[in-house]
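Note that chain A is present in both complexes that follow, paired respectively with chain B and with chain C.
After this line comes the complex of A and B, so read on.
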């Protein structure tokens, strides 16, 4: 079975299921807007300091929205015990994992479609193509790691506790490079090209590593 | 005295000797004064921590390939001892930093990556606590251990373009006077012996705890022998 077609089929299944229920994307969108609201009250934001504070709020909102999104990726499969059924098909576990990660990243990108304009609207910071590129590149790597650990903790009792605990430290490289890229795209000092280069490197590294590990995690 | 007790006594004696070398043999640093003596144990315990996490990595990788539970127990032992040595490194480093840089903490590459190292392996220990012991937990922990090991150099690399306060590797580029170098190498050797002994003891404890789970205690067997109930051990 062609692994790419299998992965696309799994991603399509997840996205169709989301389209029919429309649960995750509205909830995530509301969550990120609430995070901006908290950021507004937590800091004294005005037009001068907004460019230095907004990137931080952006990453905080994105990271926690990501945790919610990836935590839910395997929740439905667990409730219906459908993961076992999927693993019995000729599709390889790596293809199934890639499909799940792809669908979760699409959901997170949809949530960024709300987050970035809201950031521009509330904080007046420029949301350029550079910001969008950095956020999407970080989303790819974060999704691969987040889905791997979501798959791992899906069958563990304390999964809500464990997922953030395991995923957040591993996301730090993406926050460092992505944070730097967004900061320089918003006019703060720092090399944008170098940060984007690092993000691409990290994406390749972690997508390859998580695909290798997915075999051990899903192959039960 | 059992072999483990002899080994622990030896390790403690070696550490006392290292302490004597640090305070009485090594010369006082011209610029920093007595506080520079933190260096010997600070760097040694960082190296010992890396060694412990290498044990976690190897144990995890071997477990994933062979399902050998001894490898998993070595990994568990390495993680616990590694977290202890990372804590020592961080605390001693913070004390030294306060004296030399004027602040307990700066977000420098090496400090950040060491903190992430600590968080990842403290997380590893929590994973072991929050999961039911068994194959699932061991596989999960193995993946965490492997990704943790990969993540730390990546974090280090990605912060390096920030201004770094931490001194570079002084040992490699011949910056240490011979007496300091000798003290450092001796302390590092003693710390590595201590770490190895601690891991071995912890491995023994993990083995006993695994055995306790496999073999039901007499009390549990007695409880199941109720009238009308099915006799036999419970898990």
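After this line comes the complex of A and C, so read on.
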């Protein structure tokens, strides 16, 4: 069994389901726009302080959108009792996990397509390629961790409460490095290259660790 | 040759004993029904036989392989239909099966054949959410036979099926070893020469006819 074929099949299935039901992306896009709007009204934004405030609002919106997106990845499978059917196939649990994480990352990136222009609109901050790269790199690592914890908590009743409690502390490195990268890309002092290097290191570390752990989490 | 050999299968959910030392031998090609009241342990036993659940204690061999050490390999041999069909509602009947063909590493050309066999050819492109409960159950059975398993495990497959259920199940079970949990004693007698009765997780014994056990 080719694990790449299995992972792509799982990701494609999740994306086709989302395309047909449109349950997640429109709601998440509205959520991130509302979060930016609240941030815009909550602070006195001007051209001097926008580059220091906008990254914080960006990461807050992204973190909460991520919690919703990743939380649904395994909860939906549990609710429709389809996870067991998938795990009863010879496909590796790691491939199944990778496929779910890939689909969740794509859905969050679609939200970012709305989030970043909205950030420019509300805060007037430049959305450069550097900002986009930092956000996408953070999304990859956050998706791998978020999906792992979503798989763990999917079987408990208080999953909506547990998921942020488990996930947020481990997302802090992405928020620190990502925040620094976005601030640098928006013209504030700080080393952009160093922050991007850190994000790549965190991505590699957490993708490897979560792939190893996924086998034990999914293989009951 | 024995397809299933189980010794002292015991399972606890927390402190609650769900299955208590069940022994079982099932020969290749044999069909066995598992009967019992609600909470008797039928689903627990079937999930263990399907390798979906690891027993707290006991040993299980399927096709001569240790069911838990070799379980990924055994997944090629086992077709399992749980009580809940577990389909993807936004995908069509055919797409549901194609997805599982990819995970089972079998050709998608099996899909039309499986759909026709289960009488679902005319609804192949209808979303699973729009199928009746009985059709969803048929689709779950089609999914279980995509990879030509040697051992079929059905948890109350007749629950939503219509009057043709026995005929349909007989067709898919033909030339395969099968274990069926059901509340329908008539169906059990018709499809399965052997019956295992469970009560409070314990086996009350197996027999070649239900009347002997009771």
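Just so it is clear, the second predicted complex is superposed on the first by the 220 of 220 C-alpha atoms of A that agree within 3 Å, B and C clash if a C-alpha of one lies under 4 Å from a C-alpha of the other, contacts with A are read in each partner's own complex, and residues count from 1 in each chain.
One rule holds in what follows: contacts are C-beta pairs under 8 Å (C-beta built on N, C-alpha and C of every residue); 3 or more make two chains touch, one makes a residue touch a chain.
This structure is a prediction, so every number in the text was calculated from the model and none was measured.
Participant: Give one of first, second, both or neither to describe whether A:1 is in contact with chain B, with chain C, with both, or with none.
Facilitator: second
Participant: Applying the touch criterion given at the start, work out whether A:34 contacts chain B, chain C, both or neither, answering first, second, both or neither.
Facilitator: Neither partner.
Participant: In the superposed arrangement, does A:208 touch chain B (first), chain C (second), both or neither?
Facilitator: neither
Participant: Considering only touches as defined above, state whether A:113 meets chain B (first), chain C (second), both or neither.
Facilitator: neither
Participant: A:75 in the overlay: touching chain B, chain C, both, or neither? Say first, second, both or neither.
Facilitator: neither
Participant: In the superposed arrangement, does A:188 touch chain B (first), chain C (second), both or neither?
Facilitator: Touch status of A:188: no partner.
Participant: For A:157, select first, second, both or neither according to whether it touches chain B, chain C, the two together, or no partner.
Facilitator: first
Participant: Report for A:121: first if it touches chain B alone, second if chain C alone, otherwise both or neither.
Facilitator: neither
Participant: One more residue to check, A:89. First (chain B), second (chain C), both or neither?
Facilitator: Second partner only.
Participant: Quick check on the complex: what are the chain C residues that touch chain A?
Facilitator: Its residues touching chain A are 50-54, 72-73, 75-76, 78, 80, 82, 84-91, 95, 99-100, 102-105, 127, 140, 143.
Participant: For chain A, which residues are in contact with chain B within the complex?
Facilitator: Touching chain B from chain A are residues 145, 148, 152-153, 155-158, 161-162, 165-166, 169-170, 172-173, 176-177, 191, 194, 198, 202, 205, 209, 213, 216-217.
Participant: What residues of chain A sit close enough to touch chain C in their complex?
Facilitator: It comes out as residues 1-2, 5-6, 9-10, 13, 16-17, 20-21, 80-92, 220.
Participant: How about chain B: which of its residues touch chain A in the complex?
Facilitator: Against chain A, chain B makes touches at 64, 116, 119-120, 123, 126-127, 130-132, 136-137, 139-140, 142-144, 146-148, 150-151, 154-155, 158-159, 161.
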